[in-house]
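To keep things simple, chains are lettered A, B, C, D, E and F as they appear, and every chain counts its residues starting from 1.
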């Protein structure tokens, strides 16, 4: 089994060496847990360090905004775009039927190996019926697998909700599921990350602390987090 | 009462020797508990070790994907397919009315004795009304019994939900119900399996640990699991 | 007040001697608690031991299936059918309007004194509005009382749900209510039975253990169960 | 303030001497708590002991059934009916618009001073919108007050539900609210009664035990119940 | 900031001297907490003691009924009505569009300075959409402010519900919010009052006991209540 | 990263020096937590102390009302309005399509650098579908960013609800999220503030006490609050 290095310090260790190549990872968390940061780091490190072209598909946030925020962590996407190894796709989820085709076109253009979809929750609001949303997730997942892309699908979670994603569907479609927590311990709050699922692979079965620093996200694979995770 | 060996180490012991022949077992669990692995093992071992032809019906995941993942556990379905003792059926649940007929045809083709339906949850999203979904489950169950197939119906469970299946219906239709848990014990997580119901048979009334290893799922029938199972 | 012996060892003791004649008993429980076994035992013992003809009305499960499972407990319904003191009615709940008439006909045919309806939950899915389901339950109940039948209405319960039946309606219509529990005590599970209500009669106000053995259900009227029953 | 003696031993004591004349009391409880028994006792004692004519309005249960059950407690309604001081009204709630008029007619016929409505929950299922049900409750309540009747409105409660009635509306319309509990204390169950509200009057603010005996309901005004009441 | 004395003993103390003039106070509580009593006392004391004309708008309960109950506390509204310093308005909430105009007319008639609306919950059932109910509350609130009336809006709360009013809307519209509690402490119940919000003013941040006595409601501003308030 | 001083004592300290310029901050809290006060202080201090023109957009509350309440804290908006560095916009959310355009016009008129939207919850009731509300929030957010405004979006929270805003959507759109709490500690209540999220910036990860005093809101950045915050 080939594995893709995420480039996020410590994350590959708790995923038994990285994301199995071609798999789709659900990345979910409540507001402010750093989902976009982690996904940006995955794409940036992929293009910059591992020379794997990447596509970042955003349904709501403007490319400029994500690129500007990434600069805070020292990740400059502009030269990568010019070199044709990074592509930012902004797509209005209102035109829901064309999304997968459009994404496929953009992936083929730069022979992308890494893809981020930010976020499947945004998509869900336009696909009112669960059956439609689930079908869309499978279509997306199949195309990404067909194109041999290793992908991150971002999902929101509401505090206190059950399920590993906003609607409790994406975790059954994705090959792997990683959840970011920001929970209370006494009067302060701590961040923790957990791998819930990895198809065809073992993974850490513990809660690990992570931090958001000036250079992005760092996971501590040898430490345990003692937050009161709901799930 | 004749019993079918699942071929999953330890599982037959907590089911009083195996699944009563011709019965339908609901297998449910949250994302990442290994439902597909256990069901694949049941079909593979059936065909390979016990010479019982098997059909694996998938509504969403591609045959290639399940077969590829099975190879990780050393289960190669391709020669079994060639020998006509295994058949993988991919069916779009959108054409919901024809499912049972289609499955019956495929079962008869290879005189299958074991069947997996992966998953009845996927099916449920296309049968919006509970009455329709329940009727479908009974039709499915009756046909499987008529054809003398021993079957596993996979169902998702949302963390924290009540019921032994996603919609709280399948557990009343199936002859037996087995649930896979992945719950927290302090800062790490443990896996546990429980037999909730077996028509016409006694069964273990305890929570048992299980593991997902390189050779598939192993249940520990003599040990107790101390997870905090909701149900 | 005349009482009907259920024929289930120990059950009559916690019901002050049996079911008051002509009353309707709601029997509910989660999946796998043995509702169908208890109801079958009630009908079988009625016909065999107490010479009271009985009708078993099933909305979903096939007669063959229930009869086959009953054989596991040594209850052979076939000779009783031939003798005209047992009748198995399979009725498609889709034709909802005719159910009560149809059942009345079948009761009159063999002058049945005992009736089982398996299950009112199945019925409820076809009578979408609560008002309709409630009206149906009262019609059913009135006809059964008019025909002087002592009856068991089976209802499902979802784990963790409130109410003594799936929809929280049948317990207000039935004369009596008995609930079967299968709940956790530490790492293993225990079975318990409780009489919640008996019109015009006192009853045990405690939780009692019961077992499902090779000869059917046995209630222990002198022992207390210490499960953590929700209700 | 004139007060009406309920005739239920102990109940008047915890209601500061009885129900204020002309008031409407909501009587609610889960299945099997004895709501119908208490209401029957109120009407029977009214007619028999206090010479106050009474009307019992039932939406679902047959008069014969209630009268038969009352005989278990030694309450024979038949001679009272003949004497014209008791009237049993069975009304199909399907014809919802006419209920109040019809009831008014029957009250005037025998100059009733006591009325039972069994149950407003049954009524609610036919008045789907909360606004309609609430309006109906107020109409009912106004007519009963206009006719100077002291009344009991019966309501179901689902175990674990919030509100003092099935839909959380009747307790805001009624002048007084009394709840019957049947809750667990360790492995057995206990009955308790509580007065929640009495317009223009003080009342006991404690939980009191009550029993259902051969002669009806007895409340113990000097004892406290230690059940774990949800509310 | 001018303040209006409520006239309810102890209440002004926990509201920093009274209700800021021209403000709208939400008064909510479960059934039987004395909302109508407190509101009646506010209007009666206003007219009688502080010579401020008042209007009591009721959507459901009859004027006669509220006036009769008020007599129990020694509050006789009839002479105040004759003197033209009190006006009781009964309005059918079915004619929802005209309510504010109608109320304005009645306020102007007697130059009312105090207004009670009993209850906004009753109103809500006729304004099905939250947007409509919210708009109505703001219209009401604006007119009351324009007319320089100090007002109490009554709202029901269901036990165990979240929000400070039945629908969780009125507390965001009102200038101030006061909640009445009736909660369990061991086997008996206690009453407590809490000021949750007062625009432009400090207020007690504790739970205080209150009593319903023969002369109305009394709040104990120097004592603390130890009930288990949900909120 | 340039930062905008809120002008609220202590708040900038727990936000690493202030709001990153051009960002949108979600400010949420239950009724009575002082959301409007904090937002008014932000706008007033901006115009008065930092010479940054500000627009306050209100969907429900009248400008006069907010201005009057602000005077209690010594904030007089009238001279600022005359000087053209403050503008109060009252907009009926019924005309939902034009809101963003209208706001943009008003911002450009005075070259506003600070904006308050009070409240997005009010808006949500007119945009029934979550997809529409979410799209509106993104439009709003994009326009505010385009105009380089640093903004506060106010949202209500229901006690006990999950999510950091009334509908669990705004926290995923806003760049930052700050929640105001008013929770119980024994028999009294305490106020606490927490920064949940700040895009591209670190922030305090603790609960801090705050007070509403005569001169507005004061946050205590060096102290910890020990309330029992749900989230």
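Here, a residue touches a chain if its C-beta (ideal position, glycine included) is under 8 Å from a C-beta of that chain, and two chains touch if they have at least 3 such contacts.
None of these values were measured; they are calculated from a predicted model.
Trainee: Indicate the lowest number of steps between subunit C and subunit E, counting one step per move to a touching chain.
Mentor: Minimum number of steps from subunit C to subunit E: 2.
Trainee: Shared interface numbers for subunit B and subunit C above half of all numbers used, same, or below, different?
Mentor: Mostly different residues: under half of the interface numbers shared.
Trainee: Work out the mean Cα position per chain and let me know which chain is farthest from subunit D.
Mentor: Taking each chain's C-alpha mean as its centre, the farthest from subunit D is A.
Trainee: Would you kindly tell me how far, in whole Å, the mean C-alpha position of subunit D lies from that of subunit B?
Mentor: Inter-chain centre distance comes to 52 Å.
Trainee: Measuring from the mean C-alpha position of subunit C to the mean C-alpha position of subunit F, what distance in angstrom results?
Mentor: Their C-alpha centroids are separated by 60 Å.
Trainee: Going by the touch rule set out above, which residues of subunit E reach two or more other chains?
Mentor: Not one residue in subunit E touches at least two other chains.
Trainee: Edges wherever two chains touch, nodes for the chains themselves; is that graph a line, a ring, a star, complete, or other here?
Mentor: ring
Trainee: Note which residues of subunit C are touching subunit D in the complex, please.
Mentor: Going through subunit C, the ones touching subunit D are 1, 129-131, 134-135, 138, 142, 145, 162-164, 168, 171-173, 177, 194, 196-202, 205-207, 224-226, 229-231.
Trainee: Which subunit B residues qualify as touching subunit A in the complex?
Mentor: Residues 31-32, 60-62, 65, 68-69, 72, 94, 119, 121-122, 125-126, 128, 156, 158-161, 182, 184, 187-190, 212 of subunit B touch subunit A in their complex.
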